[in-house]
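First chain written, first letter: the chains are A, B and C, and each begins at residue 1.
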Amino acid sequence: MGNTTAEPLVNIQNLTFRRGERVIYDDMSMQFRRGKVTAIMGPSGIGKTTLLRLIGGQLKPDSGHIWFDGVDIPALGRNDLYQARKKMSMLFQSGALFSDMSVFDNVAFPIREHTKLPEEIIRMMVLMKLEAVGLRGARDLMPGELSGGMARRAALARAIALDPQLIMYDEPFAGQDPISMGVIVRLIRSLNDALGLTSIVVSHDVNEVMSIADYVYVVAERRVIGHGTPQQLRVHESPLVQQFLQGLADGPVPFHFKAADYAGELMELKD
Amino acid sequence: MTTRKLEILVGAFVALAIAALLLLAMKVANTGVTGSDQSYKLYAKFDNIGGLKVRSPVKVGGVVVGRVASIQLDPEAFQPVVTLEINSSYSNFPETSSLSILTSGLLGEQYIGLQPGFVDENVEILADGDYIEDTKAAIVLEELIGQFLFNRGNQ
Amino acid sequence: MLDKLQQLGAATIASVQGFGRAALMVLGALWGRPRFVKAWPLYIKQFYVVGVLSLLIIVVSGLFIGMVLALQGYTVLSKFGAEQMLGPLVALSLLRELGPVVTALLFAGRAGSALTAEIGLMKATEQLSGMEMMAVDPLRRVIAPRFWAGVVCMPLLALIFNAVGILGGHLVGVDWLGVDAGGYWSAMQANVDLHEDVLNGVIKSMVFAFLVTVIALHKGFDAVPTSEGISQATTQTVVTASLAVLGFDFVLTAVMFGG
């Protein structure tokens, strides 16, 4: 970890992934630089969550490399993979808090599992993480008693409990009211800068992503269709990218699902 | 709930299960009349053992003193040989004792009745491995009826 | 015709795959040294949920089944004047068959379905995935304690069921119908063998415990993570586990008592 800035923390090379017959990614490459917030955008249903699971080693690609901090994730054995996972964490869309534990125990869970620290130090660490997301007062609540936004913040506190190098956000803005959306946008940015994290944000909320990301990949049709800083993307020449950024209903991504000729199909009924 | 409270409840559950096992082992099942070191073996040949089974009781005047350990057929005489396991605390039966296969009630199980014989200075006490010579076969109902009819026919 | 053959083939392949995944799950859960010290509270909690909470239904059912056996048995036995055989009748029916089988069926309905639903829900709410991403193996952390709790608790529950059932038979036979108390116990002792009857019953319930627990955990772990998928998995647990118990009961009975 000597050359901190030059080498990207996560480097995806020529990744191909199929689910059954369906090709999800075809020969795709991406780099995620250290200390930056990198966003992956694209229409729903293109497997953005799948990409995060590939980086986390929960899925194995058909071919290609996923370098994380010097190791190739798909090539790792079980023990090495678990070691690598200790350096990353993931914020699931649902939060994935353990419903049988209080917020405090949820945040303490990874610390208790992976360290042998005494309980007072764990308490201090948990309170610090909860303070960072503004939920120190809610530590004794059960996950069922939290609102959606609070649950996501509690899960965020759990995700940063062990000070990982990489944090992956799966649709952090989906289904949030404007206030909690603003809170989460601020948290992603401030945690990234304060803790020296590397963040990957998967989302299709164009405005929020463009406001916090340092670098953006737009993925569609099994590959990267455009990448660059938010400013570069706004003036990107690809019509596909522009359709996505401006939210037009019809364009290179057609409004209609692939179908036979409309008039012809209507006529068929008469026969 | 605290771990301590759970531990107490789980402990009570396991204790209950052990109590159930003890009830089944001590009160419900026979644990075998005796172990091998507390019993001795006697042998007896019968003409017919009827419905006698392994583990059938051996009784003296209604008191269980042992059980049938095994039943085999003598390959030469074609007679059933019954091995009896007798509790060591009843170790003073004379060799003049006799055995008979009896039935408890009309439909009950068959058991071996041991009738202690007379004691004399020439009479030895039965020890481990001895044969009891005087045996009475089980009564087979069909033979009994057959004999009865045969006798009637003769009259 | 060919379609039917294809369906049969597909069903066979699917069920073999299911067996394989279940076996992998159990192996994964039991692989390596279990961390009993650190995981002690987890194990205690599962023993409580699976064992202690199933106790009430087991005790009540055992009591009633023992009472019904005594009542029905008495009606038939008294026709032959063989009331003293009531003890062996109740004890042997319970120890050899009803204890292990009914306990397993009740256990599948009470604890098995709860295990499936719990694990299915943990999967649907990404708790299992989340655990994996936190470098904690859900097989060891979630599956292993539940597996051991099920496998250990069910034979214990079957023992309690048997004991309560025999006491229930005593209640009806001796206290109500007037069979001689000494005869009830002594005839039982004369006819029940510790090895042949009690031990074989325990072996049966160990086999059933393994079957029911593995089926319940596997159905939950393999559930389609939607509300419909979980409800289906829960139903499947009860149906599959019950059929497996009854099928294996026949095989085991034939081997143990069929002579």
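Basically, a contact is a pair of C-beta atoms (placed from the backbone, for glycine too) under 8 Å apart; a residue touches a chain by one contact, two chains touch by 3 or more.
Note that the structure is predicted; figures quoted are calculated from it, not measured.
Chain centres defined as mean CA positions place C nearest to the mean of all protein CA atoms.
On a Cα centroid basis, the chain most remote from chain A in this structure is B. With centres set at the average Cα position, the gap from chain A to chain B is 78 Å. Look at where the CA atoms of chain A average out and do the same for chain C: the two points lie 43 Å apart.
Each chain gets a centre from the mean of its Cα atoms; for chain B and chain C, those two points are 36 Å apart. Under the contact definition stated at the top, not a single residue of chain A touches 2 or more other chains. Every residue of chain C that touches chain A in the complex is listed here, in rising order: 121-122, 125-127, 129-130, 132-137. Only residues 53, 56, 58, 82-83, 85-86, 88-90, 92-94, 96-99, 109-110, 113-114, 155, 158 of chain A touch chain C when the two sit together in their complex.
Here chain C touches chain B in the complex through residues 40-41, 44-45, 47-48, 51-52, 55, 80-82, 91, 95, 153, 156-157, 159-160, 162-164, 166, 185, 188-190, 192-194, 197-198, going by the rule given at the top. On chain B, the positions that touch chain C within their shared complex are 1, 3, 6-7, 9-10, 12-14, 16-17, 19-21, 23-25, 27-32, 55, 57, 105-108.
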